[in-house]
Amino acid sequence: MSEAVGSTSDPGKTGHVLSMRGIGKSFLGVRVLSGVDLEVAAGEVHAVVGENGAGKSTLMKIICGVHAPDEGTIELDGRPVAFGHPLQAQRSGIMIIHQEFNLLPERTVAENVFLGREPVRRGLVDRAAMEKATARLLDELGESTFGPRDTVKRLPVAQQQIVEIVKALSVNARLLVMDEPSAALAEHEVELLYRLIGRLRDRGVAVVYISHRLREVFDVADRVTVLKDGARVTTLPIGEVTPDELIRLMVGRDLGTYYPPRSAGAGEVRLSLRAAGNHKLRDIDLELRAGEIVGIAGLQGSGRSELAKAIFGAEPFTTGEMTPSRPRSVREGVALGIGLVTEDRKAEGLALRQSVRDNVLLVARAVGAGNRGGVGDLLERVRLSPGRGEHEVRYLSGGNQQKVVLVKWMTMAPRVLLFDEPTRGVDVGAKAAIHDLMRELANDGTAIMMISSELPELIGMSDRIVVLRDGRIAGTLPAGASEEAVMGLAAGEVA
Amino acid sequence: MKRALPILAVLVLLLAAIAIANPFFLEPAGFLAFLKRAAPLVILAAGQYFVVVSGEFDLSVGSLVTAEVVIAARLIDGDESATWPVLALLIVAGPLAGLVNGVLTTKLRVPSFIVTLGMLLVLSGAVFLWTGGAPRGALSEGFRAFGRGGLGPVPWSVLILLAVGAAAIWLMRADFGRTLMATGDNERAAALSGVRVDRVKIFAFMLSGLSAAVAAILLGGFAGVSAQAGQGLEFSAITAVVLGGVVLGGGRGSVLAAMAGAVTLEALFTLLNLYGISGALEFTVQGVIIIAAVAAGAVRLPRKPTPRRGDAHAAS
Amino acid sequence: MDLLTRARRPARLPHGGPATHLRDPVRVVFLALAGLVAAGWALVALDGGQFLTLESVVGIQQRSAALGIVAIGQTLAILAGSLDLSVAYLISLASLVAAEIMAGQDGNIGPAIAAVLAISALVGLVNGLVIARLRVHAFIATLGVALIIKGVVDHLYDGPAGKVPESFQLLGYSRAGPIPVSAMLWAGVAVVAWFLLSRTRLGYRIYAVGGNEEVARLSGIRTSRVIVITHVLCSVCAGIAGLLLAARLGAGAPTVGTDGGYDLESIAAVVLGGTALAGGRGGVAGTVGGVLLLAVLDTLFNQLEVNSFVKDVVRGAVIVVAVAVYARHGTRRPA
Amino acid sequence: AGCTTDKPAATTPSAAPAASAQGSGTGAQSKFFVQADFDAQLAMRSQPPEGPVDRPWEQAIAPKMTGTARYKKDGPYHLCFSNAAVNNPWRQVGWKTMQAEVGLHEEIGKFTALDAEGKDDKQISDIAELQAKGCDALIVSPNTTATLTPAVTAACGKVPVIVFDRGVETDCPVTFIKPIGGYAFGADAAEFLAAKVPAGGKVLALRILPGVDVLETRWSAAKVIFDRSRVQVVGVEFTDGDAARTKSIVSDYIQRHGRIDGVWMDAGATAVAAVEAFEDAGLPVPPINGEDQQDFLQKWKDAGLTAVAPTYPTYQWRTPVIAALRILKGEEVPETWNLPQPKVTAENLSSYLKPNMPPLHYALCGCEELPGFPETWGGRKG
């Protein structure tokens, strides 16, 4: 805490803590931001929204010294600043929770929280002080399941996210940037985040909040800035805009209805589980039918991803039965006609430095089958111009990347397709396109299972919702069930 | 191909400089002699490429080359009729060593740097244990022909080099190559797409072993049996691959560029020799050029983001 | 009562069962070391000899001191996610610089040590800058620097040169009872490095940079600086080893570093000690164990007069097996 | 325990004067060159050795005997050997020969050998460790001359020490065993070339590596001879003892100079590679020297080369064992034991050529009568 910079010269609720003007930035000749203005006042929660690739994260990285802007000025409390390194931003009281994972798995919680700012006494790192301060912060958050000395890699993802939040709070920041802090959190966990943000606001901290979940934006923000194609569209008090208007501002058009219409009815049984289980799952009975989208709900760690991976063959089922047969490897899963759109496309779905084409053909090449000729048609079908086939995937927006993953499985014409968080971190426009595609695939006779932590999406898309709790099926709900009903089952409360 | 351009430019420049100092180099015989000398390293670089692009290292190729030459000499022992059986044995033994490297790396999850370092120690120890400290026996004339003789004016080594080069390029365009590349880029994504990543990597190590076997046949043929046949070749091969713009860590670079890197390295040696840079300072020049070339080639591309849920460690 | 805590199941945190003992590589190395000493005792006794005589205990330490010091430096580099292949040539260079400047005169010892440390630091600086600023992979960068030093050394020297005065040779030969001065020097370097890693900010930053350079940078750490400093320290360790070898040889020798195979052997000792080659995990204690393990193995082979080729085979196998054991116990859970 | 040192009291290395005679193409004279030693060795070549004619490893040229009565003790003896390395065929043949020699003597109760694997530092520790093993005599084949001196000096105080092959910079060992030496080797080859290569002819000199005294003296003697002759030395190159490198270097020289009229080599191991470079270029092989290795002798015969092969006989590995026993029995031994150093010529080639032995075998091993011959040396019966 020795270097923490408090807001000693409080500009008051009127002055702007941060004011950026005319910010422009290009990467390798590609213009990513141009002429962006952003002003954030003390005690304000300022949401920044926009489609994937709109430039939100880039703007945030400029604020905190990761990137230097090509043009424009940044003022902090009215004084111009130019950060050459994240360290300088930190010293000026700017903290950020990055969109990307930002912890050292091999180090302890306390070491991570104070990373780069370790307190020293007589030249030596003061472990005790560090751990005490971390413990206090965890306490403040009501976090009691882990302590300052636990190694981060042993924590589940949600708890790792808490560590990141604690890390940001450990500095008495005057400006806190949160770039999709909720992406790894389940909805109810977001509630806690709200409370934290509220407390920071009361303390006069300026907060920049980025999320693709519009509901969160309306829940916490005071003002919202919309970015589109690297430029600022507008900045509005949150009370002056409706969700539909906000979407139109982001996408530039009306998106109409949120979810495609449900199908008429389910067809033959494509896959069924009887009392299936493993180290994490118990007594799973489940049927997936042609033409049907089955939603899987549950809290973080309830076993949803595990279920998808086990059906797919990436993890084993050790008990029970699966028909037509139980795959013992991914290849056997693929041979059974099963595909899996993983929940983390960058870590598990894509080879980012390979071309779109190589990614799309990966499954077909791996198993030596599939429709290789029709790649161009498939790309067109998901509205990716076939000309982009040779582009490296990492240059695509999140939504387009997700489409590549989808096409990868479409080359195999799967009988069963499992979607794990298919729209996580995907903007509203691409999200609607993916929803449409899922329904199209179902209508073409594919059996679909969909996991999502976003309840409106899950309820909007599913023909049937299976709720998992602690690795078991807590119940099954019909299409259109209420959020309360789902949550009740998931959390084990009497609904 | 685009990534191969800078190295090809450097290569042309070096070749021109050699030609100026030694006009004989422009004659077919002179150029063929150069290619013949470069062949073993180029072949090794092609083999090393498969391993590097899959995200691994193979430090054992140098001692594998030595081992193969020494084993061949002892087994053939000057007996002409043993030539072909022993050749066949070498061609099998190389990939076999690669198989062990690959299995230990993938199944035991030991970094390949360590596995192949261990293999280096084990191979050199075992071979000399078997021969009592120095090579014994002799290679037959038939064996030597691959490194000494030729088809008319074209040395066998050059023909073999062309064949290996064509095969390597073909392999990289085939399903194997594409899945290997994807594995080097993102192993987890490849595995979840049905790629048998262990098998693909093991195969890459086997190809590296095979290239060592071929290089051993050419080197043994060229100069006869020697305990130094493969000395330092692992470092030369990795250097060549990197000079060709292939990225240590995997997932990027072309096999053609890797081979061009090896030719460039050989051209560099030739040039330094021609201009009479004193024997020792040659190393200094080589060191400076390697660092400079790699530094110049390291265009600052955006780094791979570390995803929230992924394993924070890239494979070594 | 908030949802967050209720919904989460308790994290699987380590408990002190017997399995976790084996999860710590440092314990494994020292257990293996103890086992080897016991086995050696038995084997040599069967052979009619005595394993731990004063001479062999002194021998083990003398044999491991130089490698030990280099390996400490290498540990720092590897922890920071780098590695240094130039140490072997630097050792040769350092021994020559030391012996040439000393030229047999006691009065020159000070300047000679200063010069060696300065040159080593310079080499480390170059290594570090090439890696951190020019963004050349450490493997290639340090290999390149190794070639540069080799060229210079080979160009200037064709055999042992210089002379180390008697008083400085004591560094290589004196001992207090069973503890040679060289081993004390090694212990000193190890303690300093341990202290650095576990108690100073620099140490924390070395782990951070090795664990994930991008995370470190985003957390406000000047990663280039950490890498450069680490390489300077690594090279200084190699320089100290060069001084020690000069004291032992009485002269500088252009091949003493490469003959000793200090480049790959130091890396092998580090990973044998459980430090992850990818960086960010491990430490000095393991390295000390790794070096001692190699030295005891050497002594055992010596006593049993095992052919040196068998040694290479065994050594190669031991290294691979050890790292395989760590891989098995270390990273069960995906992060 | 107080402070102890295992270090010897004082060493006085003889700084070799660099008698530099700038010659044509041969560069500066080696700092290892000592005119007196050069003269002595060249003279020794024509001095008849003393001792049994059929056992050259027991012969000595102009021996100055030294008494050893103070080392006399009763057997059985424990002999120890600190070996620099077994890393090339020459040392491999020698090591086999030494072991066989040990086998001949029942009075040797125990023979302990440590291999330093080419590492100075290890050999220093090895020597220290051997002293603790209760050796009656210590044989040392030093890895490097200067750097092993302190360790050998230290050992001298405790046991009788016998040094052979490469020397040390102290005369504390009871005896130093070596063939006549490098000057004689280098001169034998250079004189041959000077005689066979026409005036103005281009000679290429190939050396293994710099800095090893026994190799430095070979080249420095050749340099003296070449400087006096009318041949032109167009290049002096280091081959690392690597056949491929040798062949490449020779090919390059042929390419650059159009022709090469003679090849001088400081060691024979890569002589065949040099010969092949001419063959592969379709040129006649010029006068060349090799060593007494079978592959070269065979090539010589098959291709009818104009060649000579000075030797550095591996039978010298027998002598230290013999010397050690004599010392322990209190018999006199030469202070410096100069073994005869024959050369293979066109006339006596056939007597050294042994087709049943492996190609890297050294003819002058003196091992033909030893038990286990020829199999132990990798040869075939018949």
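For this structure, a couple of remarks:
The chains carry the letters A, B, C and D, assigned in the order they are written, with residues numbered from 1 in each.
Criterion: contacts are C-beta pairs under 8 Å (C-beta built on N, C-alpha and C of every residue); 3 or more make two chains touch, one makes a residue touch a chain.
The structure presented is a predicted model; accordingly, all values stated were derived computationally and were not measured.
The chains that touch both chain A and chain C are B. Least step count on the touch graph, chain B to chain D: 1.
Farthest chain from chain A, judged by C-alpha centroids: D.
Counting C-beta pairs in contact, the chain pair with the highest total is B-C. Centre-to-centre spacing of chain A and chain D amounts to 74 Å, using the average Cα coordinate of each chain. Taking each chain's centre as the mean of its C-alpha atoms, chain B lies 29 Å from chain C. Each chain gets a centre from the mean of its Cα atoms; for chain A and chain B, those two points are 43 Å apart.
A straight line joining the Cα centres of chain C and chain D is 36 Å long.
Residue positions of chain A with contacts to 2 or more other chains are 101-105. In chain C, the residues that reach two or more other chains under the touch definition are 154, 211-212, 215, 280, 307, 335. The set of chain D residues touching two or more other chains comprises 86.
Across the assembly, chains come into contact as A-B, A-C, B-C, B-D, C-D.
Of all residues in chain D, only 86-89, 91-92, 95-96, 237-238, 240-244, 246-248, 251-252, 255-256, 270, 272-273, 276, 280, 295, 358-360, 378 touch chain B in the complex they form. Every residue of chain B that touches chain C in the complex is listed here, in rising order: 57, 104, 108-111, 113-115, 117-122, 124-126, 128-129, 133, 235, 238-239, 242, 247-249, 278-288, 290-291, 294-295, 298, 300, 303, 305-306, 310-316. Of all residues in chain A, only 27-28, 100-105, 157, 183-184, 312, 314, 330-331, 333-334, 340, 342-344, 346-354, 358-359, 361-363, 365-368, 394, 408 touch chain B in the complex they form. Taken in their complex, chain C has these residues touching chain D: 53-56, 58-59, 62-63, 66, 154, 157-160, 163, 166, 169-170, 172-178, 245, 248-251, 253-254, 256, 259-260, 302, 305, 307-308. Taken together, the chain C residues at the contact with chain B in this complex read 130, 134-137, 139-141, 143-148, 150-155, 211-212, 214-215, 264, 267-268, 271, 277-278, 280, 307, 309-317, 319-320, 323-324, 327-328, 331, 334-335.
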